[in-house]
């Protein structure tokens, strides 16, 4: 242990401290002061971000630093994801304040769990050792199970949590089985060692089948976490039942963490097995795009619809991974995934923010009909929602376009023309259900026409940040592309 | 016959696979949530058996300090404990609202 | 450091090992089958406990006493008590009388069986008489197993899993919070 | 001013939209005034472009270039580059004009959600202008897509009874085409990098490398690539099998929306063909390989002719005036694509001119229908009859516009169609022969429509009290009438403007094309040789276009 | 025959436990001995408890069966064994049947690692204390299932109470144990979980852990001492079998042999946890002051204790024989008591033989310490009022657990400081 170990763990440590702090402070807060928890959590996120920044400054030129006995790799990739998680969490916290009050569940545990789950995500993104990754995954997952079921008096929330837990635990089990086989093949839990040993195993006809089983089970677990079809069943339910603010958080941060883990494991640990998992991913990604897009068509619940849309987005991102590893590590595909996750953070959180804002008094606000005539009730939010939806559909010049752009660029440059065509056609397909929401907002009739929607200040801030980010990244993406290039260590003209 | 008599890592692997399989079947077929959770425990136990057996195997190669598998197994047990605690907690909350423990009566949301 | 319980190279392993392995393995499998087939969740739980204990014994045979101890104290003594508790707390009378398997049970079994067949086929593959993962020499006893594990967890020089261990503590914290939040009537 | 004129034209409507954002929505009159002011301002700022452009109409290459490649998003090589040539110049002028006219025409037609309406309309205006101005492929794509959203909302919110269906259909169709185009663009982009090592979307750079795809990747890929662009443009135009969105969108859209849709949006497809498909894929078009008996070019021509005949025939059958006009657009645009794929400078010039004509006349036709609709709220032909008795001014204007649309000499339509047919005949007389019935049928359905609506006694009592045109409404027609007569009587300036770009485009699209002894215009002065593009350095384009020698081509 | 004696003798000079030596024969012998001894101890406890409680309440207790009721436990046992084995008709038969065995197995298995002396344990496990805690926690399973299988309200509530209580107090118990394990790592560098090594490290550190880092060791001991009473469901924490509320708690529906198994298990468990306490804090088999009062003389003096104790018991017996009523009806009883005294005296004499006393000294001290705890158990029962359930939980979670945590942290801090100090002064043993 040297001091850099502590530095590398600083963001996680800070989050933990603040989470514990919230738990303690919550004991002393009277009921009407519970918003203070949100503030504490927000400050915690800021501190953690400062910690990440500190690491970034310290690393300066070097691409990354290994710490904690070679189990924690804080490189640019990890830092990128750290920022992403923290941004998503910050916005989600803003979204939660008023919502929890309405639901009458404003307990400090909510924020503490949120921060702790981010700590888990950071371990997933920075883990260089399957044990750490696994534990981080579980920390995140278990926090999220609870957060999903946080509305304890709401049956939908209960059910969602239960389903999410059952399927999540099941997938963790399968994932762990895969990891155990990987360990068995490699004799180490460190990803680079696994990589080396797998290369040898792949050459050995005797061990190759075992390696394949390890791969299949591991990848099943990974795909579960990012909710790719056919391992997606939990997502629509969990998204629909969860508190809306958590749905946003899940669809963004949890998914990003899943991706971080997937990229780490596939690109570092399982790289020697690329020829095997690429076809697998092709299949999964096509299935995901097809299934999710068709399923989304028939939804009448906005949260559920967005859940399917987020599954569909996973399909596109998987395309990026296919492109990104077609021959060797190809920057464009991976870049597409990274930037996709970035823009997805803002646009999806924004969309869920608007839906969260619809929750007031006795209206739950997650049915498509609840959006009817939103324009007349809250014009700014409606227009922002339109922007988020179009961004999700990938219409330029909005942020969402850039993710698709790089993914398709990657596909084109690696010669996957058919996949690219399929991808773009499905993205058109996707537009249809986004337009359903837009139709409701702009063309539907509100039940009580001119009643304006009360939207709290933090919520406005959250939606505004998301909206501005979506527009800004869409219009002037250069600095963000540079950021991703920096993350991947690419310099380009 | 020697294969049968001489217990090797492989025997443990096969046993683990069988356990894993039982767990998967349990998860996929049972309706009772508690039993589904138990089946998940079976899966995690299969994992642990694998890990410990492999740990033994690699100890033979890397020397006595190569206990990574055992440590991993301890982590998995920790995880199992946490998962079970939260799972049962959620189950209780669920039961309070709806008096059933059957998975397919978890039907407010589509399964 | 002293290799006690060592089996000299070339010597046949004691018959007891083989016998106990098969005994315990059979116990585990039967227990596992009972877990997923019993109507009554308590019976399932008891079967699972049997399986877990047999597995703890297998850990001992694998010279992993610490894991065995943890298995007993945490799994059998902790988690399973929790299970039994919950089973008794919530009224399961109804579910005992109901259909036990869901509608897609056949699909589930077929899929799982295919998977399992694949697994076992792969594991039992031998090429040119070599088995997978030939047994390592059973040279190192369990005498300092716990200390070595502790070394991997805490030691300043070999504590590879120190950080993961810290995160695991968070995991347990989250589990506590989660269980309380979920199960307590008013928080 | 010279340097930034395009940006000014481009963003004037957007500024208007932004200002409107801050006007309270209850104040409808203020909103209307502001919107009209900015629409007029958009036209006004574009007017200085006319003399400026006229002065350099024979200059080769793009004019008024603004921005540099890669200055917008350096890391991927996308730039904010604007520039125009004769083709885009005319289309821009058409856009600003029609934009103003449609906004003016919406004064009374739009009563609810006025503020939004104008904001989206002005936004749309910027999008369309951007499409015609962009010299960066990426920028082009952004505008191309960005303009879909306001149009979607215009149809969806202020449209007719089946507006949702129409709006979504419109959006999905066009988006489906354009995403495939995106793949095509990315391919070109990637290919450019493979050849030169530079990532750029600059159009002029891609002109150099794109034709090489044929040799680098083989005809198969090149054809697929051509198709990816083709789908985007063909849907937009719309060419025959892709036209089904058009009647719905036109019929359901509010009047002003229809005007813009027919007048400008459809031209984006043909513009795309001219600007991208032809220069990028000369070899594909020249490829003699056949698919189901026809070459790629043959298919294009075939679809155009089908469009002409089919559109006209379907128009005959319509009971709804607006639908009739909509189908007539299919027919007219068929002429435009025919002119383009004839691949002769004359045909191309005619095609562009016909696009302008179509914008003028069809735009006017939609306004005409809209005026009746505003008064009677029905577009059923059977509901009317003898309107000329109650609305004489209206009937007159309508007559002129119908004649213009059907291509009567002295009016603009004739010039365009004639030139197209001339260009086509030069290539292959059969193609021309197949297209000619379209002209006849156009006369048939339009005159028949006129007869049913305007002549005879006033059969329907509801029509007896109809007001004739207000001054505002007349004002919307005046510029269109002027243009119709101007083009019909003295099209030379237009052809002069189009000469250089047409020759240039054909030179790129058919490097081996030898002028068959006649071009459109006598060369005024110096620059016949310099029609060869100076900015192109690719070896692909090696032939120069012989000095134009022939007489002026038109009547 | 000769070889057999050699075999035994060779073992007697061994320094290892039979389990560690891999000696199956001696292991079996030990197992039999321990379980036999345990049974005897339980029987004795039964008698003692009744007698002591009686005397505390100023009454006589069992007096009829055997002199001073000495044979009462045996009579009870016979009665229980002969009673009809009733299984309630609505009970879950199999679970009902198996539950007592789970409890008994758990209670007995614990003794596998209890060190009566440096080599007087069935085996020495590397994870000894963990094993003990783990296995003893298994008895909860038996209790829960017993309560549930009875299919009756009182047993179920009793079982749930009992298991809640046991689970709660296990936590505090574990924390206290961990603080001791931490102490074992001092001076030697590596800690240990082995019961024998824990005692050894107390020897090495020349201090019972109850006195280590005063008052930390003491606090730990108290936490454990409280928790262990709760853990075994004994008064004042005997909520699960609060007669006034729940009749007999989880074993209400049990009778006869099965009930006696629970009884057996409960007392074995008491002995087991007491053994843990003794091993961990009170120096296990170590005689008092092994370091301060060493040398051959002191060794001799302390080696006399076992024999003297038995002789004392014998003396008491004889004294009571003398006080017996001289009525013919009491003749058999008098003779019996005298005989019993004679047996005890004989044992005492045998134990005075140096060769024997050397080998049993450890066992003696260990048993003596455990016996003290047993007396404490009885004493508690005689004097403390019963807790209410919520108070019980409150004590467990809000007092013992935080104290345990604080203790753990403090122990770590102090231990670290000591280690560092030792390092700086170079006093660390190699």
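A few comments on the model shown:
When the chains are written out, they are named A, B, C, D and E in that same order, and each has its own residue count from 1.
As a convention for this text, contacts are C-beta pairs under 8 Å (C-beta built on N, C-alpha and C of every residue); 3 or more make two chains touch, one makes a residue touch a chain.
This structure is a prediction, so every number in the text was calculated from the model and none was measured.
Here the chain-to-chain distance from subunit B to subunit D, counted in touching steps, is 2. Both subunit D and subunit E are touched by no common chain. Chain centroids computed from C-alpha atoms place A closest to the centre of all protein C-alpha atoms shown. The largest tally of C-beta contacts between two chains is found for B-C.
The chain with its CA mean position farthest from that of subunit B is D.
Look at where the CA atoms of subunit B average out and do the same for subunit E: the two points lie 35 Å apart. Subunit A and subunit E have CA centres that are 55 Å apart. Once the centre of each chain is set as its mean CA position, subunit C and subunit E turn out to be 30 Å apart.
For subunit B, the set of residues that touch two or more other chains comprises 9, 13, 20, 23-24, 27, 37, 48, 53-54, 57-58, 61, 68, 71, 75, 78-79, 82-83, 86, 89-91, 93, 96, 103. Counting partner chains per residue, subunit E shows two or more touched chains at no residue at all. Under the contact rule stated at the top, the pairs of chains that touch are A-B, A-C, A-D, B-C, C-E.
Interface of subunit A with subunit D (complex): residues 375, 386, 390, 395-397, 401, 405, 408-409, 412-413, 417, 420-421, 424-425, 427-428, 431-432, 435, 439, 442-443, 476-478, 481-482, 485, 492-493. On subunit E, the positions that touch subunit C within their shared complex are 20, 22, 92, 94-95, 98, 125-127, 130-131, 133-135, 137-138, 140-141, 144-145, 148-149, 156, 159-160, 163-164, 167, 170, 190-193.
Those residues of subunit C whose C-beta lies close enough to touch subunit B in the complex are 13, 15, 17-18, 21, 25, 28-29, 32-33, 35-36, 38, 41, 44-45, 48, 51-52, 55, 58-59, 62-64, 66-67, 70-71, 74-75, 78-79, 82-83, 85-87, 89-92, 94-95, 98-105, 107-109, 111-113, 115-116, 119-120, 123-124, 131-140, 144-145, 148-149, 151-153, 158, 160-161, 164, 168, 171-172, 174-176, 178-183, 185.
Residues 9, 13, 16, 20, 23-24, 27, 33, 36-37, 40, 43-44, 46-48, 50-51, 53-54, 57-58, 61-62, 66, 68-69, 71-72, 75-76, 78-79, 82-83, 86-87, 89-91, 93-94, 96-98, 103, 106-111 of subunit B touch subunit A in their complex.
The part of subunit A that touches subunit C in the complex is made up of residues 1, 5, 9, 12, 16, 23, 68-72, 107, 109, 112-113, 116-117, 119-120, 123, 129, 131-132, 135-136, 138-139, 142-143, 145-146, 149-150, 152, 161, 184, 189, 205-207, 209-210, 212-213.
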